[in-house]
Amino acid sequence: MSDLLVMRGIVKQFPGVRALDGVDLDVRAGEVHCLLGQNGAGKSTLIKILAGAHQPDEGTITFGGEDVRFSGPIAAIKSGIATMYQELDLVDGLSIAENIFLGHEQATIGFTRRGEMNKAASELLGRLGHGEMRPATEVGRLSAAGKQIVSMARALSHDVRLIVMDEPSAALAHDEVGNLFRVIRDLTAQGVAVVYISHRLEEIREIGDRVTVLKDGRTAAVGLPARDTPTSTVVSLMTGRDVAYVFPPRPDPGSHDNSPEVLKVEGLTLPGRFTDVSLTIREGEIVGLAGLVGSGRSEIVETVYGARRASAGQVVLAGEPVPPGSTSRSVRLGMGLAPEERKSQALLMNESVARNITIAGLTKYARFGWVDRKEESAAAVRLAEALDIRPPDPRRPVRTLSGGNQQKAVFARWLVEDRKLLLLDEPTRGVDVGARAELYAVIRRLADEGVGVLLVSSEVPEVLGLADRVLVLREGKVIHESDARDLDESRVLDMIMEGSAL
Amino acid sequence: ATPSSAAPQATTAGTDNDQPGTKVVIGFSAPAADHGWIAAIAKNAETQSKEYSDVEFKPVEPTNDINQQISAVESLIAAKVAALVILPNDGEQLNQVARKAMDAGIPVINLDRVFPDKLSYRTWIGGDNYGMGVAAGTYVGKTLKDKGVTNPVILEIQGIATLPLTMDRSKGFADALKTFGFTVTAKQDAKFTVESGTQVASNLLQAHKKIDAIWNHDDDQGIGVLAAIKEANRSEFFMVGGAGSANAIRDIAADSGVLKATVTYSPTMASSAIKLARLIAQGKGLSDLVENSVPTSITLASETITKENAQKYLPLGFES
Amino acid sequence: MTDARATGGTPPSTQPPADEHTRVEEQARAVPAQPGVLSRVGQARHLGLVVALALLAVVGLVTTPENFATSSNLVSILALASTIGVITVGMTFVIIGGGIDLSVGAVMALASVWATTLATQAYGPVVMAICAILVGTGAGLLSGFLISYGRMVPFIATLAMLVAARGLAQRMSDRRTQLVQPDNSAIVDLSTTRVLGLPLLVYIFALVVAIGWIVLNRTTFGRRTYAVGGNPEAARLAGINVRRHTMMLYALSGLCCGIAAVIIMARTTTGSSTHGDLYELDAIAAVIIGGTLLTGGRGTIIGSILGLLIFTVITNLFILNGLNTSDQLIAKGLIIVIAVLLQRRSLESRT
Amino acid sequence: MTDARATGGTPPSTQPPADEHTRVEEQARAVPAQPGVLSRVGQARHLGLVVALALLAVVGLVTTPENFATSSNLVSILALASTIGVITVGMTFVIIGGGIDLSVGAVMALASVWATTLATQAYGPVVMAICAILVGTGAGLLSGFLISYGRMVPFIATLAMLVAARGLAQRMSDRRTQLVQPDNSAIVDLSTTRVLGLPLLVYIFALVVAIGWIVLNRTTFGRRTYAVGGNPEAARLAGINVRRHTMMLYALSGLCCGIAAVIIMARTTTGSSTHGDLYELDAIAAVIIGGTLLTGGRGTIIGSILGLLIFTVITNLFILNGLNTSDQLIAKGLIIVIAVLLQRRSLESRT
């Protein structure tokens, strides 16, 4: 079978970084080609070049047997390449249908044919297993997962020969990923090629045909068979060393039973979102929240943190009641939150990595409001090193970092001060295997130092592997609580999907 | 463009005052020329200066910002001009800098809006705002009385309300009406622009279904007032203008609409101010007067232009 | 603005829906339980603005019963609103598209002056109108070009245009007020001729609003405007020529200024460099009070027009009541605050 | 840092670094290969602005050699710049913090009027100055409260404040110009007394700029201002009290207006409701031409002051050259465009 797409010797230079340094990629029609690589390896950059969003400095692209050079996104789309970008690229003010057809609206002399577009959008959503989403709904009101689905529908709306998906599963829950895979199989059956990027190796194994591995802007391996290459080989190709996908050892069950309570939540309720949630976290304990996307986990976390005001219930931190609705008070009392959407909720995109790290603990480096910049930058350097943020230059604007490294910067923020409680909402979303292991170790180390941790993750194995105790959430209610070791993945999945499997 | 409006009858013959003398630089500062009357002031001053070979005219950027006008005058002082003609945005606010000029030995000719401190200017020349109101009030009162109207609805459309001259005009108007036993029914301020005239007038016309007379302070904004009147298709009243623009005078002469008279406030005062500045700088007096030096204060009379005398005033009118 | 997510976590209350129609349908579907008329009204967008307008009307009826509700007064309000109204339509597009246009008043002045020079007037009223529209569009195109291809900040580029256009207008007119010649009184007729009781220029205004609404809500150009303003990067990735689109937005605003110039010539019978002073502030204020976000990506034409009407009615009320300007200003400030807070409340109570 | 995403669509090249100092260090490190003085200069921020200013100075030297470079002219430029300059400092904070303050000119007018009422003047010059500053701060606090706790859009809230403050100022002064009484000539002395050749008020200006710079770059307050403007949601989740901070920003802007009121009283010897007309536009223009983003999160005080000086020098040159107003306006528009394009080029050539 001849190659549909051949990229050779692609080089891309950004100010100060050589993001791609001679990358090769071959994709055949009808295959799922996985692109792997650590955070910052250059995956997103490569596919942006393929999509015409960036211009390569060097290298050639052959698509469908012809040499091409895409001057802009429209050129790539016209040739039959559709892209789902890593950072969601939807317009909040427009409806689902309008987002799907943005740029290639169905129109007569400029007048949109709304009925037709809505119908077509409905069909696409139905194909993705979401016939219930109304095409006229405004995208700004959708959850991250909903947006991801719209983004997918948009890619499908083009008449394509190649679809690129940059971490499409990052915001999706388990069953959604199943849906996604079904669609991908449909596509490949019709001869469409898919380039698939993900940090979840088990997904690669399930859906992928061949794998290309990037490391530091170079191709480390081309076209390995996805199912037959041992994980250890892939990981060592990516990282240049052997990293086991393992969780740090945890203390024996019950060893926290006598530690003082860090957090006590009683009867917390936010109508329509969650009801009567109670939980306690003891010093040194990691408590995991498992649940479907949309089950209210993020909102519980945000409410505990004081970013939302509960209608009932109370939150007590180390014996002190936390006044609702004030994040600054919560931070002062010793809480920290790594929110779910790093771009919109956590990062100051125009500022340097250093400043993103120190912003929450600024008072620690300040006397009477006066910032001691030496101390501050020393702390930033130390923390950036501790989490191995790459490139290792804390003065870079955080916007130029890859997604995973941005996440580390957010995380580093809360290592600054002596925290009593850390709330981690999807802390490893978009983080590569190597870094993940490091983050797990950091989280565990913090716990061992006496910090309480509330962990939310859509990856059940992560919750089960890292947490000491697990709460299972369904439709805003806690339906189960037990030691993590007493659960396995299928049991948790059964519980969270029970009754909602339809 | 009617050149006659610029510097009418530039000189009076028979004296040697117009013979070239020592060369003098005359500085000039006025508010921004965003209005026909002020534009005419600037133009008249410039044209008048060109009449003299011994005058170098040095205008500075007109501005409506006090702060900037102060700086402008400061720069003229620094340039050591022989005399300064200043039409201040606000006499009180420019007073200090005018005084500074006088202290520096530069005679200040204060045009129109007056400095409160007599030490701040050598000579003041300007119109009579109170008198203008009186003239308008007298015309309105007399006409209504002659018609035998009782309890007339009299409206007043002012210019910029924060200017002292506006208050003077209104006071004169009210005082004159009082002698006839009338009062102003309602007044609103516009901004001396055509458009503001239209806006204010069209609202006022709605507020008063029957009107007997309107006094509009300024013929420039009067164009807008007249447009609004036409738009509303009203004609049961008559209107008196202010300042005396050529346009208004032509309208009065034609007697085709509601505008029946206007009271003058002539921008020719700028021409005179330049003449005075030159004489003062050269140490001469007014040759028609006995005194050896220029008087310290000259107030122009406000005249009433009606259909009868319109032709006589037309050459003096300024194009808005 | 600041703290959108705040406590409620829900939609920033000041954000109006992008598509007016969709939202209504959606709302209607969302509350099937109370199909009463009252609840319907309660669901309407811009409710706060309508309430504010209604309150003002009540004040008018109470304070000057004999004048306020007369047809001639209503006509007068509409005629007053039409100049800025037309400009507001263009401004709504620009602001939804993520920009701002400070030059509107000055461009209108320039267009009115250019169209009333003796040279232009020699060609008759139609050419005058076309001239005004072309001048407006040209100025808009130039600002747009500087912004999209010269990559200047809109605020600065249009500020430069403001200053330069006023200067040019003064120069062309020699700072005089230029009268529309009697031969060309067809222009003035737009203001004096009435059809069904309304002056022609009110129809022009209505037409511009209607076309603006259709373009914004029913054409690809309009929908893409939301994308360009809301997420320019996404728009670019979707293959939209963001630069060209941006330029067109300013051209559109300029076009509206040209039309406004024709209206102001009709109303004042003149072209003048002093026309349109501070219109930019009024137009922007109307757009924003109507719920369009200054950051782009959201907004409606109807909101802008309601916002504008509120301002116009306020002025009208003040003058009908013979209030003095200082008190007018103080009251205006208060009313703006109240209208906005009302609007906020009504939006919040919906969620 | 300019055109991060390369091909287009993205980042306004006018983005200045958040912290002036850090960036300079960074730049210095980034180009170790050419340590020449020229390249150093080439690396400086605000280069375009400095070049534009230098060009204007050359124009001044060529056209009016005997006047432009005199010390008295330079003093005059600084004195002229100081009123708006002080306001610009506050405006820079507000805009970096993601807001805008249209009320500055009106608040300054109100403060000047309040401080020059006979009642206030009875207490002497110190109380007058304090009064002006308190009135300014109070007005700022009120706008800030409406914006952060009333969740009004800054544009609208400060527009309402503008209108209301002007109205109140007119009302308090009865639309008259209020003279500073001879007893209180200490106020006027700020303008007439010179130290080392400069009037005292220039020192006030310099002090405000210096304090502003320090607060913005060296304190937690300044640092948080960038965060609040850059991403309010992230700032809130990082534990910053965004609302209170926002309110403080407007109070700070009001405070600056109060100080500006003292300066304008000194310069004009009066308090008046007409003071500061359109200062908001000038101040915002200076801030933005200085490279601060209207969307918040980025900007520098130095840039704003350079921007302001460009405007002031332009005006000064016009005055010295006696250009006719219309041409001045046209020229001003062109110069703004050229200055911004220069700034852009210089930033681009650095990357």
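For clarity, chains are labelled A, B, C and D in written order, and residue numbers in each chain start from 1.
Here is the rule we go by: contacts are C-beta pairs under 8 Å (C-beta built on N, C-alpha and C of every residue); 3 or more make two chains touch, one makes a residue touch a chain.
Given the structure is predicted, the values throughout are model-derived calculations rather than measurements.
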Co-neighbours of chain B and chain A - touch as defined: C, D
Distance between chain centroids, defined by C-alpha means - chain C, chain D (Å): 29
Mean-CA-position distance for chain D and chain B (Å): 36
Between chain D and chain A, distance of the C-alpha-averaged centres to the nearest whole Å: 42
Multi-chain contact sites of chain D, meaning residues that touch two or more partners: 5, 170, 175, 233, 236, 325, 328
Interface hub residues of chain A, defined as touching at least two other chains: 53, 72, 307
Two or more partner chains touched - positions in chain B: 33, 161
Contact pairs between chains, per stated definition: A-C, A-D, B-C, B-D, C-D
Interface residues, chain C side, partner chain D - complex: 1-6, 13-14, 102, 146, 150-153, 155-157, 159-168, 170-171, 175, 232-233, 236, 242-243, 281, 284-285, 288-289, 294-295, 325-334, 336-337, 340-341, 344
Interfacial residue positions of chain A with respect to chain C in the complex: 51, 53, 72-74, 77, 83, 85, 89-95, 98, 102-105, 107, 110-112, 114, 134, 136-138, 140-141, 299, 302, 307-309, 325
Of chain A, residues touching chain D in the complex: 14-16, 53-55, 72, 305, 307, 326-328, 330-332, 337, 339, 344-352, 355, 359-360, 362-363, 366, 369-371, 373, 395, 397, 399-400, 413
In the complex, chain B residues that touch chain D: 32-33, 58-62, 64-68, 70-72, 74-75, 78-79, 89-90, 92-96, 116, 161-162, 164, 167
Partner chain B, residues of chain D touching it in the complex: 67, 70, 72-73, 76-77, 79-80, 83, 170, 175-177, 179, 188, 191, 264, 267-270, 272-275, 277-278, 315-316, 318-320, 322-323, 325, 328
